[in-house]
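Two complexes come next, and they have one chain in common, subunit A, joined by subunit B in the first and subunit C in the second.
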Partner chain A sequence: MSTETAPPSTVRVDARDKVTGTLRYGTDRVPPGMLHAALAVATVAKGRLVHLDTEAAAALPGVHLVLTHADADELTSGGFLLGGGYGFQSFQPLTGDRIAYRGQPIALVVADTLHVATEAAALVRAEYESEPGAFTLDAPGAEALVQSEAIPLPMFADVVAGDADGVLAEAATRPGAVVIDAVYDHPAQHQNPMELIGTVAEWRSAGDGGADILTVHEGTQNAGAVQHGVATQLGIDADRVEVISPSVGGGFGQKNSLQPQTALVAIAARRVGRPVKLVVPRTQVFHDSSFRPATRQHIRLAADGTGRMLAAVHEVDQQTSRHDLFPGTHTEITSRLYGIPNYRGLQRLVRTDVQTPGYMRAPYEHSAAFAFESAVDELAVALGQDPVELRLANDTDTDPVSGEPFSSRHLAECLRRGAERFGWARRTPEPGSMRADDGSRVGWGVAVGCYPGMAAPTAARVCAEPSGAVRVEVGAHEMGQGLRTAMVRTVAADLGIPAGDVTPAVGDTRALPHHLTAGSWGTAGALPAIALALAELRTALKVPEQGPVDVAAAVAATGRDSVEVEAVYTAPGQPPQVLDRLRAGLPAPGGPEHPGFVTFSWVAHFVEVRIEPTIHRIRVPRVVSVADCGRVASPTTAGSQLRGGVVWGISAALRESSEVDPRFGGFLNASLEEYPIAVNADIGEIDVDFIDTPDPMLNSLGVKGLGEVSMVGVAGAVANAVHHATGRRFRRLPIHLEDVL
Partner chain B sequence: MATPVRTDETARTTAPSPPFSTTVHVGFRVNDEDVELDLDPRESLLDVLRERLELTGTKKGCDHGHCGACTVHVDGRRVVSCLTPAVQAQGTAVTTIEGVAGPGGELHPVQQAFVDHDALQCGYCTPGQVMSGIACIDEGHAGDDAQAREYLSGNLCRCGAYPGIVAAVRAVADRSEG
Partner chain C sequence: MRPFAYAAPASVPEALDALVAAGPDARFLAGGTTLYDLMKLGVEAPPAVVDVHRLPELAVVDTAGPDELVFGAGARMADVAEDPVLLRDYPMLAESLAKAASQQLRTMATVGGNLLQRTRCSYFRGGAPFACNKREPGSGCSALEGIDRAHAVLGTSDSCIATYAGDWAVALIALDAVVDVLGPDGARTVALADLHHEPGSHPERETTLAAGELILRIRVPTTRTARGSTYHKIRDRESYAFALASAATAVALDADGVVTDARIALGGVATRPWRAAAAERTLVGAPLTVDTARRAGEAALAGARPGRHNGFKIELAVRTVTDALRIAGERAVQ
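Here is the complex of A and B:
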């Protein structure tokens, strides 16, 4: 148990800058002489570009450049993030005549103003040879591959334990045993952070006679990949590229890699000799970046008559693109939610004609938990058991897949505490048995979730000033999860100094190498890195290993102007080569299987739905969520993050679906009007709580990830609550009011 | 083998539109300062604020009136500045997020309440939420939680900070009533 005293729950350290609008995001940059860019995009989904007429666009007064094609010596692919490269996909627009997906950029126009650039982009005329494509999982021409064969890497192998098929077959004939066999569909969804994708690119002379320096201002979760990726694409040294991204206006996985527009804007800026800004319009974002791929998940789950789970098979078909294999790891969590001794997972990938899908908050875990936790609810109903009791009875301390212990698992406590806070004991089990005073049908549902406990190599620097102030830098990104706040709290608590004396800095490749911040490992990597740096700092300051430090006096005693130290943290058991990957801007997370233990974050969600009597609108007046994310590094921001995850789950369960045109491809509802996300009026009371017990093994601070697990299971709890209210089971998201009429 | 279909995908017009050389002279006040500009009449108030006046606190989340990130006050009323042609601001007084704190930098009560209730995460929607929150209270639309939620629903928050936003706005509304 950690014994140090943290400062009281402080406010978010950048809250003031956020409420005053002074915090700067990537495209807030307005350098002198800047020009504006706009994209022209493909209006067919597959085929070949046979002619591009840019005459009218180029003739428009105010247009400086119409970029339609970059030669190979000017622009190459930045590679695919999951294939040794940097991009969300390997396919780079404007390098050839192939059209791989609707909405693919075919030209970039640069003009004096945004309006001229936009008008000119609309004047770009293209002719295509169009080919039929496959756009859905079932379309003719959609090619299904077994992932473990297509990507023969251990991390993407199928999860297998015991003999699931044998036990399932036996259970089907055993009296008293119950087998659930169901298919769950999840649509494609788009991350839609409020900040649009965009780039401001500026070149300047290095003054050293060498190549010019490119500065990229861009909201990204992966400044290292943007730096090294753009350098690769343009054929320049990575130390000639600076990426500045101190604040990201929401990432949610969309901004976790190199986007296709960044190099295009950089080339345009170089050609016109002036800074260029491109903000990708919302409608184009639906095709110009990744998305959560559509999945179909087949679950078979067997239990004996007492409710002991005996075996499960989880088979997943996940959409990918023609040009990349975006792997799925849905079964990583469904094999761990319970102590099921016999388990078999199968991941298949289905090639369709889209941009490459990618990560979106809880990228696999959200849909996997929706499917599996719906099946568990079906099992509870079939057994006539209480869904909380059934889950508690199948708890485990040991990872059923590896046989190793979980470093910490307080899921049962999450369930018990959540049930207590929610008032679960007052639930009457019969579906449709609860009514509100206004006649609304009331349903109470529960579901659990987990998320792999990963950690990534992270660089940190701490600098102590003679004034007593301390500056702390980390090679990670702040996208609202509260990283800066957790950094400040960690330094202040360790040194026993006021939080106001600590200045945090993130998102700047000029300072430190930056690792991708995703998978909830941002804080779980940054804080241990800071802890290591603080230990170094204490050595350099010649102060004891623990206890409060008079920083000003200690710096003065060294006789130096300031004392600066650096440290790099790696996940448990990671080989030193991961540092090379960190320095090359490549992802190198470790986990959830660490040497001798397995780490997951855990959560339980309790949801009340009310289905209004006249128009059958599905409302969610209250949710109780209890999470085990190890020690809570920053209570204020952690609470907000958990509530935000719940909002995401409600939104995914009841609102969000990226509609695909099965004939012509592309996403039809490509705007925030037609792609509804939860609004304020959709959200009721969200009561959150934390176990707040440090994980004893993952890192010295005892912190595990929170951002993703917070969403996992919410959609299942909503669907289970809808079943409780109506007696009807919905195995496809989102659930709409017309479903419950 | 797929049969190639020859498609002619033509933009809206076949002939280039006449060059847009017309600019319009516009004068208005922004955060108590006079501003005079020659504008392309197509320019939105949002783009003028961000790109010409470098008041980048006001955000663009959609450019189509769907998200509220660009909310500012024009003569005290909240508007989405992306759907407000800048020429329409002629003669008006515009207030942006940069203009709501006091002269000494003391936060507006709604700003302070957002800090106190942690009504934000990434902060990108926050300027628009604050501007909407102030107006919502002035309009008398923050009388109870349900009403506040309804009247703040034009401002999307993808981080899901809604519970904090409602709590912040309601706290100020209650205080200003009492």
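Here is the complex of A and C:
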């Protein structure tokens, strides 16, 4: 593939539309005659609905419909994404009288205006039979299960290599050996994308004598699951459901599956015979969408006196709901960060009375790396070794779990280059030994991270027009990560045409089957699919396999109006059956263990904190991060991804926590005002760099995922820097001002 | 949100009449950043609002006079925050405005309405299922045994520990500001120090304003002391957040560095704007040092009552006063 004619790296194809407000998100759609919906939600955290009075709501002028469990008979569960279904949870509100969590929808009101709908929802009166609930890992009634027993699937099994427990026991008595044994706590957190959860649903006659067609407009990372899930819920054929989601206003995992409101809005629209729109308010999003579950992670790590890591045991307790088992794979990465020959990982799931938790950027890896990389820092301190040198000394080219080679692993180079850019050599190891001019204590911390190199079946279509323009469609989703930009760059570079001649399209099930875009496999699947389609296109256009193409002339030479080709990419070694899953809206990613190799993306973060005198606010004036994501497909958006991951890591380390009052369940600080996401004023300089060496095995373009790995390890580096500044080890996030007071 | 009547009279007298006509539960509406917010949450439900935010009589700001600064109640927080006289001679006032909320909110919110900003207590704002004596008198207080990290340690009662959330009033109270109000029974002037109630056994009663009274303007006696001043706001993030602790401090120093005048008020830790007069007295006649500043901070927090999770606020506020006095001292004209 030629890259010489790639458009300037600074171009982001939808930037102008975004800043001028012309980009259309899912619920921006306003079909003629559209009505507005609002939800009434449960105010108790667990129990049974004994009476629901909707009279006052229904009587309010302008109200068209009040939908409750008593009259939503056609509604069924769309199933749990990790249980063969489509939803973020199996529990579907309005299918019974059970209250499973505070904030659970108990009625949907449809009215002429949003204001009437909201007022009517507030008029719905409910009586409950309340039951005591458990909302935290330690609460009485929280039920812990061993994941490998509760979910007997290979991908959720314990990770075991060698004899970790035996080596740990032996190391405890061996002179010179060091054993770290510590517990790390991470709170529940919420994704809080700017775009709220929402749906616009409209029905139209198919005109073929068959059932009507449902069109769903909503921001989603998984249009295929919405399509097939809603079809399942309503008992209609999936080809009668269209899902349109061209731009997602941030997903971060919260939008990666079927949401409970979609079918409710679809039913409401069918009942009232008009399009209906529901945008779920922020406080309700905190309670009726997924979130990052609370975890407690116990790490035991042994090294010999030279710093060679001998064994590690990583045991995780992760919160889940009463109705679903949301599995964790924290140990998948901590078993691969270093060449530790003896490793045992154990995941436990703790049932609590919440909506089912789910994926939030680096869903397991962020908290796992905080715990493990804190432990590695504790090990460096105990050994009296430099934390960068300790990490370099335990590097490996071979996956210690499977014994297979890593397809690419430039983690050592990330560390070396990061240390150089950061000026790590000037660090004095003694905690509290570095001071800024204003008297602030300065701490420098390092941590690494990795994220599995997954790939998912992805469909692509390329259409060459007589004008020379090229339309490129992919069955994937643009959540702001820059997929459209990477698509345009790929096509323009391959064909040697201006970027302006390439029109990208994503997020539309009418065009192609759509796979879940998550897990950093979006770009890593879309670009290889496009590459396959471009090869087909060159064949169809009868042009050479490489080099610039005069598209207009080539199309004219075929004598056709346009030339359109399709291709489907699958992960290495995936069987053809994964295409059936793709077409059924089910997740079918492959990796990180591919046939003959194992793929991860890698990153190293270097963080400076300053703890100001007197008041002790913790500042983060600068961060240096170096990532190995294979070849960089789009420098502008890649840099943005990495910086964004760093920002979120800082925010998660020092600020974000979804507060739980155990008397009430649910989440207390359920708004953007009270849930303290970092703001610009909290963020200093973030210097990012990439190894930018193609992965030779995962796909033809050499790209690996980036979005998730960007955040992995940041919180650990912050906590390690705080230790370096203060001499105090914080094993619970977030680290607040009062902790260092 | 429930339907409500809306009126936008053209003058202050008409606005007063309109409010009386609209009945006892009608409310004046200024920037709407608190009232509309709470109406959307269902915490406030006035049957009528009388919009005063465009009234020209309320927009007048005069910071050039020799005796007092005058801020019309309808002036925008964002505009007043950029007043050149405040930036030069009263940094504590300018900073208290600039560090509040977000630029968008400051552009909407008024300096009069901001004095009446209501608490951010989650149990107050959250509605059912939380008990709140302020929202529903006699229903109890969920915060007392709850997550009280953000709650007050000064001026609390067994009925309410909700923090007064504003910044501007904290800076103003340190400078002996007064407010002119006009109501059905005529005009009067109230010291800002007398505008807010502590919760006591009636946390629903937040101010001493009588029914139908409208704040017309805020007046602040001019003082050279304010040149050496700051509004130091400590919070969980560096903008768009309420104070965990804040201190409005001003000091005047003589040629020997001895304090001749000191002003200290606290925010984020008390149930109302909190003037720390006893703390000020510990400073006057003493040199301004880290030790005297800290002693003033300790005096300011005397009598503070910690809750379950907010005990740190006492030490944090002491240090905030200490650091704020340092900043004020560096700016002070000797």
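As a convention for this text, the second predicted complex is superposed on the first by the 728 of 741 C-alpha atoms of A that agree within 3 Å, B and C clash if a C-alpha of one lies under 4 Å from a C-alpha of the other, contacts with A are read in each partner's own complex, and residues count from 1 in each chain.
The rule is simple: contacts are C-beta pairs under 8 Å (C-beta built on N, C-alpha and C of every residue); 3 or more make two chains touch, one makes a residue touch a chain.
None of the values given here were measured: they were computed from a predicted structure.
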item	value
Subunit B versus subunit C as contact partner of A:His115, first or second or both or neither	both
Comparing the two partners subunit B and subunit C, which touches a greater set of residues in subunit A	B
Which of subunit B and subunit C A:Arg655 touches, first, second, both or neither	second
Contacts of A:Asp237 with subunit B and subunit C, given as first, second, both or neither	neither
Contacts of A:Ala681 with subunit B and subunit C, given as first, second, both or neither	both
Subunit B versus subunit C as contact partner of A:Val44, first or second or both or neither	both
Which superposed partner A:Asp212 touches (first subunit B, second subunit C, both, neither)	neither
Subunit B versus subunit C as contact partner of A:Asp580, first or second or both or neither	neither
Touched partner set for A:Glu673, first subunit B, second subunit C, both or neither	both
Intersection of the subunit A residues that touch subunit B with those that touch subunit C	43-44, 115, 119, 122, 673, 677-682
Of subunit A, residues touching subunit B in the complex	11-12, 14-25, 28, 30, 36, 43-44, 47-48, 50, 56, 59-61, 113-116, 119, 122-132, 192-196, 247-250, 252, 279, 281-282, 479-482, 636-637, 639-641, 643-648, 651, 671-673, 677-683, 685-686
Interfacial residue positions of subunit B with respect to subunit A in the complex	2, 4-13, 15-17, 19-21, 40, 42-43, 47, 50-51, 54, 56-64, 66-67, 69, 96-98, 101, 107, 111-112, 114-116, 118, 120-127, 130, 146, 148-150, 152-166
Residue numbers on subunit A that touch subunit C, as the complex places them	43-44, 102, 115, 118-119, 122, 614-617, 655, 659, 661, 663-664, 668-669, 673-674, 676-682, 736-738, 741
Subunit A contact footprint on subunit C (complex, rising order)	1-3, 42, 120, 122, 126, 128-130, 142, 145-147, 234, 236-241, 244, 312, 315-316, 319-320, 322-323, 326
